[in-house]
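Structure incoming, see below.
The letters A, B, C, D and E name the chains in turn, as written, and every chain counts its residues from 1.
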Amino acid sequence: MSLLQVEGMGKSYNSETKVLKDINFEVEAGEFVSIIGPSGAGKSTLLRCINQMVDINEGRVLFDDSDVGLLRKKELRKLRTEIGMIFQHYNLVPRLTVIENVLHGRLGYKTTMQGILGQFTEDEKERAFYLLQKLGIGEHAYKRCDQLSGGQQQRVGIARALIQNPKLVLCDEPIASLDPNASKVIMNHLKSVASELNITCLVNLHQVDVAQEYSDRIIGLNKGEIVFDGPTHRLTNERIDSIYGTETRELITV
Amino acid sequence: MEAISMSTYIKRKRDGRIQIKSGNKGERVIRWTIVLFIVFTVMAFMFFDYGQLEIMSAIVETAHNLKIMFLQPALSHFGWGEAVYQVGVTLGLAVLSTVLGAVIALFLALMAATNLSKEWISKTVRILVAFVRAVPTVLWVLIFAIAAGLGSEAAVLGMLFHSVAYLVKAFSEAFEEVDAGIIEALRATGCSWWHIVTHAVLPSTFTYLLSWTFLRFEINFSVAVAMGAAAGAGGIGYELFMASGFYFDLGEVGFITYAILLIAIMLELLSTRLKNRYFAASAVE
Amino acid sequence: AGGSTKPDDVIDIVWYPNESGSDMKSSRDEIANVIEESTGKKVEHHLTTDYAIAIETIVNNNADVAFMGAQGYIEAHKGNEAIKPLVVPTGPSGTLEDAVYHSWLAVNADAQETFKKDGEFSLDTIEGKKMSFVSGFKVPAADILNPFTQQEKYADLTEMDLMKGGSLFSKVLFGNSHQGSAVNLLKGNADVAAFCDTCVENYVEVVEGKENTVGAVYQVQDDAAEPFDQVTGKKFTLMSVTPVLNAPFVANVDVLGQEDLDKLQNVFTSGEVANNEEIFVPEDSGKSGLFFKTGKERFAAVKDSWFDPIRDLSN
Amino acid sequence: MNEQIMRKRRWSATIFLIIIIVVTYLSTQITNFNTLHGIAAVPAAMGWIVSNLFITQESLEQLPEILMQLNETIFMSIAATTTAAVVSIFLGLMGSKTTKVNGLLSGLSRLVASASRNIPVVAWALILLLSFGQNSVTGYLALFVGTVGFLTRAFIESIDEASPSSVEALTATGATYFQIVSKAVVPQSLPQMISWILFMIETNIRSATLVGILTGTGIGYIFDLYYKTMDYNTVALITFSIVIAVIIIELMSNSIRKVIL
Amino acid sequence: MSLLQVEGMGKSYNSETKVLKDINFEVEAGEFVSIIGPSGAGKSTLLRCINQMVDINEGRVLFDDSDVGLLRKKELRKLRTEIGMIFQHYNLVPRLTVIENVLHGRLGYKTTMQGILGQFTEDEKERAFYLLQKLGIGEHAYKRCDQLSGGQQQRVGIARALIQNPKLVLCDEPIASLDPNASKVIMNHLKSVASELNITCLVNLHQVDVAQEYSDRIIGLNKGEIVFDGPTHRLTNERIDSIYGTETRELITV
């Protein structure tokens, strides 16, 4: 059985335009899948529908065989602990330390009171340090997040997602705000996460070449519809054209 | 000339001269607002009931009064100890209404912030707060003075009303400025609402909340003086009222004014110091 | 403080603005001593800037005892049956017979001729003048309204119209206290002022005519305390004198409790208090205080019905 | 070592909290604040308000008079604010880093602003009452003085915010001081300034009520009058009129702000 | 006689460090000169000393044979009308229209009152439109400046300088905030201004390659001293090293 199944999913924010139309795909455990497509195609919306950050209008999403659309509040929180999320702008709390931000990933496992008082176990703290170490930013654990570079902040974001012990990580353009060097570091980390910890990764990307370099499989989205879905090597230049519209390729692959 | 034929973009006024203003809505509104200000001001001066006021002699007398006040300040109806005590009372009123106000406002502001609350709750709180804010503080205090009786409780409650209304507005705006992405990120980890508030919203806005609260404390000090004078709430304001309204003792008015000025300036310096020292990072952000 | 209607171990006393000045401090403190000794409870003073607050405070069970005007007592009793008169200071006779003070309408001595018609003071002349009252609450309304409401022009004149100015008076000022009202007159801010004899007797002396009679001229003493120190030597004449029942101490039975009320009534009416020179200050001592001793003044207990004459007046 | 930083932070937070609690406790002592009574007073007061503060047919008869006085108060607030704004613009230009002429004038303008702002408006009202008497001008002046203080500070901030870079650019073209002020500084800070003026008008209407009580003018005077005669129905009507007026003005200012900022 | 002569100029903002030391050079009318050097070398200060935006401490600057240090207030304003200035951050008044910003360049020719009232002649306005047209932004004349892209704003800045009818234009890193495309447009405009209108240009630049491409002559500044002054073709790699310090060249010329 696949880890994630999306069946006939449709989504619209307002009655006029449908942002997503009849989306169908499955993702196996441990896969590294990239989603590419022009701006406004619906990539971010697609990710947010999976962990129900926005409600879907049609079809359904099955995660680990349970229909996420039917979950009640508590179950939904439980589901979200199993799905990590990584953002373009890292979305860390800037005034808090790195370690505090990482531990936010454990809040989903806590009661309200435990969470408010910030009662984290020693195990959790050790695990947080272990992850920071592994991501190469252990030395910054007590720095405030706004004192870190973008690449370092994104690694904090990854640590926050990983400490959730997720089965799936959703990454919404994780490297769009980073310079080429930092991008490389982040993508390598994501890749090794996927293979070492056997965590499934679903990554929105703007850079076709990066997607091609790192992913097992690529999904191409255009105007809310899947126009390509297949292993990376089958993504030919013509297919890229069809995803982005003919003229634009040069610009994008630069 | 070549330029004229080329410049298809030139707009001309009715008299054929080239226009340089964009003439957009904002500009027009600004112009009209200023015109209205002027018209209303002129009307105000025309409508004033000047009574039997003789401006010149009044100005001379004011100058004379100010001279006595500021050059011969003296205490005649109470001593230094009493003066310090009364200032303490006024500060106490300000502290109580500020601290209680901040605590209550914190919860109401969480309800009022559109990014943290349901729309109807937020709207209800906002309308309530707008109403409370519209009633002048002195009316609240006078109403409470009758309803709750004399004593600091009435003054504090009356001042509290306004402090809460003011701080709810300030706090909720601070909350709304919290990066939506941060809230989304925490929501995505499976956090509950209270987790988001305590781990993302409050840490991000704490220094703002503090500096707004301190600003309100400064305001409440002068409100407390006013309530002492106009609503019998006690403290240095009451002494000021007695000195000027009952004894007509300018020297004492002067002394009390100095005392108030001193405290107010100290508070202002303190708040600037606090801001620069501890909240500098927040300003940069 | 109160709030609930159960007696507690603090006695709150409310004072009118007139009695809130520091020159009455020794009297206030002495009264507190007397109360503390007889009841064993602590006394808290509440000074006010406003008549309405003082009245409402005791009406709403937020104080035990108040010293207020007769009119104020009537309002308070109307608002809350539990407000009972405690004692009233007597007149020089030592009885309730002459337990009155006088509400004056006064004008500056220099300007008195403008207020006379055919050689007699006439209220008709105050039309269009600048008037100073004590507060909106203390208007000698009946006295002033009477002569005017008979005229067609002023048939609908109400108490409120008097206070707002513009109708009968060109302008109305409020002194916030009797002292303030008198000073308004003496400083020339008002042409006519209403205030009472007892409240200014610390500061003025009669120089012409008989005390408390129309036409008597008073002069501010040279050593008068504030606020009269700015107007020393100035003179005013009385154009109307109306006797008013003396101001009572009143108590809220619900808050104070009947037991303490009885205790207070006993101690107040005792000879000891009558001879207490901080409370009944000998007139020639030059000190100021709540009451003056010119004869056998003392406190006497009164019943609610004693105030009926005033009730009749305002109806 | 890093653990220590965290611990120190927690410590200073605790100390901060303790200070607040101690100061609050001291305040309850010095002001004789009885917390229980305070809490009990709220429902009691609400009960009193509900049973006394309502508008009756009879009190409605006073409406024309109330509106007239309200009118006077609103006009007084506007006049005080706009005239104060004119003075404040000059003080603001002198006080701002971007446009200051010299350090002495700048210091002077900040001093004037600080003194007039920090002496509470009641003190001004009482002081002016002594010589100007019970008169609209007294109220006007009291509001004027306080407003100058506040607006000067606000204007200095608005002018400082206007980027100094365009001032530099205009200096480099050879423009004069007043040309620079009118072409580079005013266009950038005017919307902010108008927003502050609107804010101050609202605030002043509320303060005018207070000042009116003390100086016997406008809506504050008439409020005081009915309050002192314990005519609470009319008091309710007056309060309600003030609320409506303030809210209308606030709504108008907000919509102006929305367009110009 | 040269248009601009700088003789033994020295400048320090505070008593400790000298920002400029014994600067000597001359610029002929119509020359296009670039000044390059590391950050903090004193490039901006040098430009500002020429039109007396900051006072110089030693030596003198002769412009058109008059010593700018000796000018009184009115004469100084006169001098500044003859020297246009262009800034890295454009320094426009954001709330005003493009055309108003351009006309600010004429303020130096007005009395205070005329300037405040904004009394510009029709000729001046037409000239402003002509310049905007020439710089390719005529259509934006009535837009507010903060609605323009960086490259467009810089062209407004150029128009403001040109309408002064300057003999000399000082440009302080005019392209440092622009993307490569916009930079190219701006540099081309400056170059054509210099040649067509015969206006002298003195340009601070960070990009050595741009300086080499456009200028007749380059001045290299390091730690407040001129370390190179000569025609562009004589700027060898060794000389660039000496201007920037050895290690850094690779980074800079990228």
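The definition used in the following text is that a residue touches a chain if its C-beta (ideal position, glycine included) is under 8 Å from a C-beta of that chain, and two chains touch if they have at least 3 such contacts.
The UniProt protein names, listed by chain, are A, E = Glutamine transport ATP-binding protein GlnQ; B, D = Phosphate-import permease protein PhnE.
Treat the numbers as computed from the prediction; the structure is a model and nothing was measured.
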item: Shortest contact path, chain A to chain E, counted in steps; value: 2
item: Touching both chain B and chain D (chains); value: A, C, E
item: Chain whose Cα centroid lies at the greatest distance from that of chain E; value: C
item: Most central chain, Cα average position; value: B
item: Pair exhibiting more inter-chain C-beta contacts, A-D or A-B; value: A-B
item: Chain centre separation in whole Å, for chain E relative to chain C (CA means); value: 83
item: Centroid spacing, where centroids are CA-atom means, of chain D and chain E in whole angstrom; value: 46
item: Separation of mean Cα positions, chain C and chain B [Å, integer]; value: 39
item: Between chain D and chain C, distance of the C-alpha-averaged centres to the nearest whole Å; value: 38
item: Set of chain C residues in contact with two or more other chains; value: 1, 3, 50, 52, 56, 60, 171
item: Chain A, residues touching no fewer than two other chains; value: none
item: Residues of chain D whose C-beta touches two or more other chains; value: 32, 34, 37, 41, 44, 48, 133-134, 191, 227
item: Touch relationships between chains, expressed as pairs; value: A-B, A-D, B-C, B-D, B-E, C-D, D-E
item: Chain A partner contacts - residues on chain B that touch it in the complex; value: 179, 181-182, 184-192, 194-195, 198-200, 203-204, 206, 281, 285
item: Chain B partner contacts - residues on chain A that touch it in the complex; value: 51, 53, 76-81, 83-85, 87, 89, 91-96, 100, 104-105, 107-110, 112, 115-116, 118, 146, 157, 160-161, 164, 170
item: For the chain E and chain B complex, residues of the former touching the latter; value: 97, 99-100, 103, 118, 120, 122, 125-127, 129-130, 133, 138-139, 141-144
item: Complex interface listing, chain D residues touching chain A; value: 2-3, 5-6
item: Chain A residues touching chain D - in the complex, by the definition given at the top; value: 97, 141-142
